[in-house]
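Can you read through this structure? Questions will come right after.
In this document, chain identifiers A, B, C and D correspond to the written order of the chains, with residue numbering beginning at 1 in each.
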Amino acid sequence: MSAARAKPVPRRPIIGVVGASRPSAEEAALAEAVGRAVGRAGAILLCGGLGGVMEAACRGAKEAGGLMVGILPTEDAADANPFVDVPVATGIGEARNAIVARAPDALVAVGGGYGTLSEIALALKGGKRVVGLRAPEVEGILPARTAEEAVASALGAT
Amino acid sequence: MSAARAKPVPRRPIIGVVGASRPSAEEAALAEAVGRAVGRAGAILLCGGLGGVMEAACRGAKEAGGLMVGILPTEDAADANPFVDVPVATGIGEARNAIVARAPDALVAVGGGYGTLSEIALALKGGKRVVGLRAPEVEGILPARTAEEAVASALGAT
Amino acid sequence: MSAARAKPVPRRPIIGVVGASRPSAEEAALAEAVGRAVGRAGAILLCGGLGGVMEAACRGAKEAGGLMVGILPTEDAADANPFVDVPVATGIGEARNAIVARAPDALVAVGGGYGTLSEIALALKGGKRVVGLRAPEVEGILPARTAEEAVASALGAT
Amino acid sequence: MSAARAKPVPRRPIIGVVGASRPSAEEAALAEAVGRAVGRAGAILLCGGLGGVMEAACRGAKEAGGLMVGILPTEDAADANPFVDVPVATGIGEARNAIVARAPDALVAVGGGYGTLSEIALALKGGKRVVGLRAPEVEGILPARTAEEAVASALGAT
């Protein structure tokens, strides 16, 4: 084996972003800012891969040169929003929420309904840090006032 | 095909019971009463298969001659509580919460922490009726005052 | 705790039956005989819950008074064949093959294509006994000549 | 929305690489060459994230500047081999084989035992192209003589 062989480097933190598929304009703007902050920090953004908060966050991360991973419920990579670099078409439906909740080092929740609530609960059950921006009120979520503060707090867990 | 061949009969309703793995004495008593009511109604009781509320509910259902199904997170059927008739050792970890939430016709939640909250959220996301007894407060849960009332309400969804 | 409380009894063995969704007439007859043998033995029959070999096996088990569990890929219990007593609508698609392969104590394979092959492989990977009747040729499968012999061999693993 | 907003670009093909966790030296060298060819082609390499063929393929892809995604069975990203850029810690055990089989556009199999066989079967069931290098003999696998030929064939499916 030659001296030129690839060497491992420390892996990049993974920040999960969860939220409503039909966000308000304010939530979408927040999600985009969260994505930008994740991208600027050199972290990987992992989400459910679909529209709404997921797409807004991916768009923001793309603007900042980030890497976006989408854990899709369906078997079709074409279901990913157009800013996802790595679509993971799981085919396991809503059970993929458990992966979205557990695979990242920490989670940022922006708004959100029942799906987001399930991801928050699964992440907290697994001992992950969850930071909320206008997120469902669940004991254990760390509140944040701005997207930048939320991402900094999430990165603090990595 | 002969006249003696087996004929299908209408399938029995399936009621999911979710709740804390370390319930209070009151929650355990409630869960056992829920299980008895499910068993008496001739419904199948489906749960996560482990201890606490799950075991109490299975014990109650067994007393009433019910059929108890446990959707386990592990690959080992021996992890099921001793009142489970049908252990389904999934090996998929917490992702099995999505199955516990969606496979039943309706859900009864007794107390509960983050795991239960994820099941409630996934069930509501899927349009299932969820009836709560001292359950986490989530918009959309139907409250009930007694175990019997909870099971009657859940059966109303089947 | 009172003397009248429910007591656990030893749990029944669980035999998985896997095979083609479009079997030949001979395979369907074999599957039905396998189901009958499972039912007569007092074991639980677990399968993928759909048609073909799965339905034939469930029909046979029903004739023998058995208990039939169907681990469905979809979220809809109505997709189960009419002889399934306990439909478990997982919603996780083909990933449910891992549950069909691992949840039983042992597996009987009757004919089968790619889906069956995946279940055989996953069961063998998990150290489960797999008995084959005209099944895909995989190293490690135990061959059997008759349905009765196959089920007796599978039960020997429980 | 400003002119500077991020625009989608066509997504990169995803090639899955599956194989034994304890390969022969020859299989490991083949897997590394497969990884290099995937990386050179600008495709994303997706695998099970662990050792053996998976690690060798990731090492090869890293040497070629590729992007490596590991779909882990456990909940711990630290279980990934050191060449994985994006560990997806699923926590769903062997059921993750269904994701490894279905998420890529096409699969290359290098050697392999029961786990690999299950992935090949699940991929073929899903209509994916599977190219084999000393892989288990399954009807429908396309044989290849070299790593470069295997990857070119797999990319032909994208």
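Keep in mind that, in the parts below, a contact is a pair of C-beta atoms (placed from the backbone, for glycine too) under 8 Å apart; a residue touches a chain by one contact, two chains touch by 3 or more.
Remember, it's a predicted structure, so these values are computed and weren't measured experimentally.
Novice: If you tally contacting C-beta pairs, which comes out ahead, A-B or A-D? Let me know.
Specialist: By the number of C-beta pairs in contact, the winner is A-D.
Novice: Tell me which chain's centre, taken as the mean of its C-alpha atoms, is farthest from subunit C.
Specialist: The most distant chain relative to subunit C turns out to be A.
Novice: What's the distance between the Cα centroids of subunit A and subunit B, rounded to whole Å?
Specialist: 31
Novice: Using mean CA coordinates as chain centres, what's the subunit B-subunit D distance in Å?
Specialist: The separation of the two C-alpha centroids amounts to 39 Å.
Novice: Calculate how many whole Å lie between the centre of subunit A and the centre of subunit D, each centre taken as the average of the chain's C-alpha atoms.
Specialist: The separation of the two C-alpha centroids amounts to 24 Å.
Novice: Taking each residue of subunit D in turn, which ones touch at least two of the other chains?
Specialist: Expected reply: 75, 90-95, 98-99, 102, 126.
Novice: With touch defined as at the start, can you tell me which subunit B residues reach subunit C in the complex?
Specialist: 4-6, 8, 11-12, 14, 44, 46, 59-60, 62-63, 67, 69, 71, 75, 77, 80, 82-92, 95, 98-99, 102-103, 105, 126
Novice: So in the complex, which bits of subunit D are touching subunit B?
Specialist: 75, 90-95
Novice: Which positions of subunit D touch subunit C when the two form their complex?
Specialist: 92-99, 102, 113-115, 117-118, 121-122, 124-126, 138, 140
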